[in-house]
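So, here come the structures, one by one.
Next come two complexes, and both contain chain A; in the first it sits with chain B, in the second with chain C.
Take a look at the complex of A and B:
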């Protein structure tokens, strides 16, 4: 009797403990969002998102962060595109041609190590590569450095998704007399929604990365002009504005962070909705 | 006379010897049923006939499978061609991640059959498996929306659309409800006029209903085989008698 009671008390205690931490985790996210919104929403205005900085912007004068918004979109778009071009063939090759082999495992290990490397290291590497090639800080250099950051995220996420494809898909397709390349096409149809998720996840991670673009993309108050000129980015816009001693500029830093957060949220929602549309034919 | 001739076929999964010295012929345009208890190697034997065993890296094969006189395990064999001419209907219905129409059209499309009259091929095959009336208004809908029995008929149409000569069926009714299973059985019976059928089943009654020729396997060995009439009426081996009487298995 006593023993049963003790077990019940234990059960209840740990259930509540887990619930407490569950709420804590959710509350942290809410707190961050609220905190940014609280401090930033006052400074958020149409001017803020529709104009580039004007003279004295960092002293509290007029203008906005359109240059950083567009710059960040270019950087993330370029980096995700470049990383996709590498990751998609790599992952499909691992699953169709090098299935279960040592090669696939080694590639996986390589990607996992790349995932663990801090993005400032990619920034530093990109910087030295830039010097070596005689490039200046530019959109192109930023894209290359950022692509290195998002490549392992994209590839490993897609890899996991392809791993989850039904085992019978392969047998079914090959039993119809498909070549491996044709099977690859079927596999891609099955995993397309997951691939889109992986790409958007990488995009969301890339658009918020500051360290890799710090040296490579540089910063400018102008709108992006060409691949070979520096571009602004939202994370650095937050950083520069927050570093000023002026409260109104600091408020704009929070507004910029809010814009960045809204962008990432919008991407997540987009992923969610396009997935249901694309996933119509997927075999579950 | 024979579509397939299996000669001293041995198969290993790693060190495990799962098929031992199998030698048997598969008559053309008849239904050959491979029967035996679970794990006796009947599915392995079936999948050795169109080289689907190749998909498992741990499998090693020795011996020959002669298909119309050609050993399909010869190094120069075009495996894609073998699998095109020897189709498979799997145990569980497994539609491809496409629409109903595209599922049937997929095979002809990749093999370059039916240029321009793809729709005709799809219609004909869906009619042949008795699915046309049920799906003609939703050909663009996902194949996953069909019921299990409908999906299996779709899979049969998909396999036949490639115009194979031999059809392998791996317990193709085992996962279906009794009515759908009977439907598939009736279809298979009708196909014997045009195709050579090899089917694996653990259901002795199904083999009685369908088979012209029976192969009985036990622990990776071929125990007895022959025309269905004598096989069921007067089995020669003790093991076969015991299995048919359901004393073992």
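Take a look at the complex of A and C:
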């Protein structure tokens, strides 16, 4: 009898322990978001998000971080586009031409491993590539390095979504006499909302990544104007403003971080929304 | 009409049967074009890791050939201007901060992963999954900023003095060597929060692929839920959980910006939890601006990137192979 009770107590203890850990983690997440919001809202103003830095911005004078916001959007947009050009054919090849084979599994493994490579390594590689091609720190170089970072994220997310497509789709399509390419079109139509989710997730990750663009995109106080000129990015704006000794400028770093967090969270929510709500042509 | 003699009359028809009509031929051509172009993309992806590794080896070759490897790995002085490139403080700093993070993150994360896999309904899991994705998606600079705002003061004013008064008197490992708060513990704590969702996600995925019959059998035999969980983790989940931890380790090892903001950036061998240190990624990121002026400097930084890549690749390949084996055994 006593032993049974002990077992029950143990069971309950560990259940509550696990719940405790989970709740603590959730509370920490809340704390991060609230903390950033609390410190950021005070310094956030219309001027911050609608102007480029003016002279003496890093000494506490006027201006904003519009250059970094636009720069980050350009970088992430370019990188996601470049990455989709490679990732979408790769995933479709895995599911249409090489389904269930060893090749598909090996590509999947490669993508998982690429996902694990730190973005600073991609940055260093991008930097070498840049020197090799004779480029200087520029939007283009930043896009290339960032594309490498988001490529595995985009490809693996899309891959997961394509593998959830119903099996009979393939059999039905091929039995009607379609070529593989025509079946690919059917599959793409079926998974289009998921593809959007994957692209948005990659986009959000691209906006937040700093280590890869540190060497390759450089930094500038001007608005981005050419593919071959340096470009500012939001994470680096936070970082540089924070490293100044002036409290007013540091407050701006909190505001920039808030803008960055809101952007990333909004994209994340949008990604979730596109997965669950879109899909007029999806067979369920 | 002699059919055998006038075969040329039938040639177009024979050809049409073999190739199909013009429309069908066009469809096939399009199909093989698509196959080849998407195959090229697959080839690019497969070669990419190799190309990155090869590039880093080539770029770091000058320093690898100028100094013996053991001198680079164990040398403790970092003075590029005087031609001294000792990576030991950075390697030690990276390992130390990662270990601190893992010490703080592993147990809560594994338990949370187990809870998600074994105790929650699929609907609750569907609600929690996006939350974990959200946590992963928060940029590392935001984590770093949060660390500066909240963790640094906490370590500086509360944890540091307390630890120094109690444990620090006996163990030098807990002595407060550095009053600023920037150091291994602060960086490690924030890093722990950053790798937490990754470990949770992988643990959950691996445990969920354990056979369901096992669960049902154990419960039917009268085991409590915790006993069932214990047994499943021990019999089926352990390699996967280890893989999750290794993945978390390699993610933490390569994290750049958040650590750079919190670790203090002092190239020394850390001896205490509160010591400032320096990590390999921070070394690369902090010095990119100066690399043009000093000989071998760029090569040394590329060498640091190569070391980082080697460690991360090794850990990732091992962990992924384990995970693939586990989840595929279940799928079959």
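Operating definition for what follows: the second predicted complex is superposed on the first by the 277 of 284 C-alpha atoms of A that agree within 3 Å, B and C clash if a C-alpha of one lies under 4 Å from a C-alpha of the other, contacts with A are read in each partner's own complex, and residues count from 1 in each chain.
We adopt the following convention: a contact is a pair of C-beta atoms (placed from the backbone, for glycine too) under 8 Å apart; a residue touches a chain by one contact, two chains touch by 3 or more.
Since this is a predicted model, take the numbers as computed values, not measurements.
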Which of chain B and chain C A:166 touches, first, second, both or neither: first
Which of chain B and chain C A:189 touches, first, second, both or neither: first
First (chain B), second (chain C), both or neither touched by A:100: first
Greater residue coverage of chain A in the superposed arrangement, chain B or chain C: C
Contacts of A:239 with chain B and chain C, given as first, second, both or neither: second
Chain B versus chain C as contact partner of A:141, first or second or both or neither: neither
First, second, both or neither for A:176, with chain B first and chain C second: first
Touching partner for A:19 - first (chain B), second (chain C), both, neither: second
On chain A, positions contacted by chain B and by chain C: 179, 182
Touch list for chain B against partner chain A, complex: 50, 52, 55, 57, 80-81, 83-85, 87-88, 90, 92, 94-99, 106-107, 110-111, 142-144, 155, 158-159, 162
Footprint of chain B on chain A - complex, ascending: 99-101, 166, 168-179, 182, 186, 189-190, 280-284
Complex contact set, residues of chain A against chain C: 7-8, 10-11, 14-15, 17-19, 21-22, 24-26, 28-29, 31-32, 35-36, 39, 85-86, 89-90, 92-94, 97-98, 103, 105-107, 109-114, 116-125, 127-129, 148, 151, 155, 179-182, 184, 201, 204-205, 207-211, 214-215, 235, 238-239, 242, 253-254, 257, 260-261, 264-265, 268, 272
Chain C residues touching chain A - in the complex, by the definition given at the top: 27-28, 30-31, 34-35, 37-39, 41-42, 44-46, 48-49, 52, 55-56, 59, 107-109, 111-112, 114-116, 119, 130-131, 133-135, 137-146, 148-150, 193, 196, 200, 224-227, 229, 247, 250-251, 253-257, 261, 281, 284-285, 288, 301-302, 305, 308-309, 312-313, 315-317, 320-321, 324
